[in-house]
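Which chain is which? They are A, B and C, in the order written, and residues in each are numbered from 1.
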């Protein structure tokens, strides 16, 4: 079961073009996505209502899309506007079109009831357009359920193990106690790692001769949106002195594709040495290498879960964040499933 | 569910040889097919009744086939005639053998009750042996349900879209109204397309300087047999004057392999320039290119159907032929499922 | 359903090393296997009890294994001995460890109740360590249910057909009547093939100018352990004179991996020309070639069974051994499923 009345990240803005038809499956629904001449993103049910041929194999005609099986043509609202050889077009011949919003490089989609689509629920991903940050837009496809990725992002103790040779570097991250706070539709997590060694990744970017302090501070809200402020600074620096520090801001979005696969949109921005593109590229490559480590363990975990889906997992203290997030998400999903009460039904 | 009491095309005659054992699955049943020394086609249950090893991995011994697991040997009627190391052969050790008929290059098989096998139900595919027509025998394997292919063949409006660059050339085909008539065990469809452009395919074969008239006239009967007369002639010709016309006759057979895959036997014959083998080859290649366009859209359609098998399709006027055919087929399938009435049972 | 309270062969001894983590699935259970510094084999549930990540992607730390997702560490008894960032370790955080015994090159595992593990049930595979026999350790993976392999091993009539060009050579093996005797937890089978031709395989190894006598004598006990004495001798030799004979001893173990796949551990030993390593290699290659013939037919058989899992098999006289073995195994499996009687429950 998925949460429907929420904004999922559906694509990077540059993935949806005027002259192409992008097929993308989100929470099990196959969509065709394109951009009108005026720049509006259209996300339409990919299954032609006539004989279920996929529209992404169709043809753009102005702001419309024509199914290239029997030629039915739909406008950007999903209305059928042409049936070759037939004059009368029944009103029920139409495609569902989902609300979308483009905001700072990401295209968001509302998979639930259109009348409930509330743009104020979209997080401000400020670093996606700030000139003070540089980064490279990135995407990974995971063959695992999205909740396993959420779990992963909600417990950074895994950095010490999964990312020992990239982001980690020592058990200190796992040993540091995170602070987890409930926030609106999600949790805020912060973890200070004092007097530790710089990660292999920091060694390449910075000039740390000795021990460092590291910090991670992020919020994670439904349906899987992470904004992270993190960095590393020498222990020799006075409290609050960020000279020589490396600071990062990361935007990440976990979007279920199917029960067993997930879209992962992300970037890792830096605000130092902005004039050096090789730094941006190096951070991008390091992040990708580390996320491929996640992909390996999470897909292997999924295989184990699939072999014995009914075996319970046993909690440890580090699960605080992920357990809390799962409860929040589960409550929202269950609330959606509740049928409207009789009095509400009368109002409708 | 499949219709069983009917003749399916099982193979081209040249596929079934004296010295080979052909494995072929039809309506979900795995068969081993071979030809006796006298030329009779044998279609036998491929699953050895003993331990279910496949007989197509066995050995021909005269007109018999020996299972190469434990050596049981069956004659062309399916009777077990040798069990190594055992003298008494129980009568129930036998393989089901299906009625087959070879008729004009096609081998037909009856998957239902043998006592109901009625050869008069086999269509006369005259062009398969007529010296007035030339063609190349062809086969395609589709990863989709056979009914989707039947649908496709029963609505040629798709030529304007699926085959825009091969058989189509303009929306005129889709715009022309077909005439659909109920015939014995199927439908007859004719579609005249007046004053249109020649298809890209016709341009290569003919010498049309301007507009043309095109015609398609075919019948399609259970379980998926199509015979088509079609062609193209200049609009400058007087009514009935076929000078310079291109005329084709096509025989096609759709045979379910499994629920998700289908055999497609076909040929497209021409009766002009019979002395030029490159014409025959060119038509063959054009047909294959166009049918691969069908394969692409039909397999993509199947994927969409599989994702949401319970979503209803919405009809349009062009569905007349396919809807009628599906009803005819469905009625025949349901009639098979009805148990004989008590009085009928007494007669048997 | 699998028999659980029995010893399966889990691995060759050389597969389990001090510095590696071997993943192996047995009767559907994914295990991680390794060897302690003292040489003890550990077979542990591969699914970390915390979030189900697989331990075989973990790290050896002394005789412990650490999960490289969140860092939980388990000792060789399966006890969790470290949770990074958490002082109290709940007792229920532990991994199941299965009893294992290394005996003459094979590692045996007990998949049932540990308190019932009885080492006296392990067969003595004497040739695995006897200096009088030479052989090469071998393994094949079959994509079929283990019972089909047991069937195969319990009826050597298949040598005449499956192995016509390798082990067989004539129908005489299938024609010879085997003697099948019930023994403790299995059956003993012997088959004398008199006055036959040497197999193609014997022709390469021996110097037989004419007809030969062949013998096969083996026992096969649950859960799939075969010990075979076999050979070939000239018909010219007097009774009991083994001059010029070729004699073999074979140890084979069939271990279910999943419902549709099986581990097959085996060797074929010879006690002649022990100083010639090319003989050992030649026998190994011949055996492997023949077992690949089995693999082909057994996997094809499995595909046929999967297509029609409910169709009954029809018995012949040659099924005596395999039918008897299946009954023995089935009775043991059913006995395990019986809940303890009330009085027994009180005792526990």
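As a working rule, contacts are C-beta pairs under 8 Å (C-beta built on N, C-alpha and C of every residue); 3 or more make two chains touch, one makes a residue touch a chain.
All values reported here derive from a predicted model rather than from experimental measurement.
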{"item": "Chain copies touching (chain A, chain C) - same or different residues, decided at half shared", "value": "different"}
{"item": "Rotation in the CA alignment of chain A with chain B, degrees, nearest 5", "value": "120"}
{"item": "Intercentroid distance (Cα basis), chain C paired with chain A, Å", "value": "48"}
{"item": "Residue list for chain C, restricted to those that touch at least two other chains", "value": "none"}
{"item": "Chain A-facing residues of chain C, complex", "value": "28, 30, 46-47, 49-54, 57, 66-72, 83-86, 90, 92-93"}
{"item": "Chain B partner contacts - residues on chain C that touch it in the complex", "value": "151, 155, 157-158, 160-162, 164, 171, 174-177, 296-297, 300-301, 303-305, 307-308, 311, 313-318"}
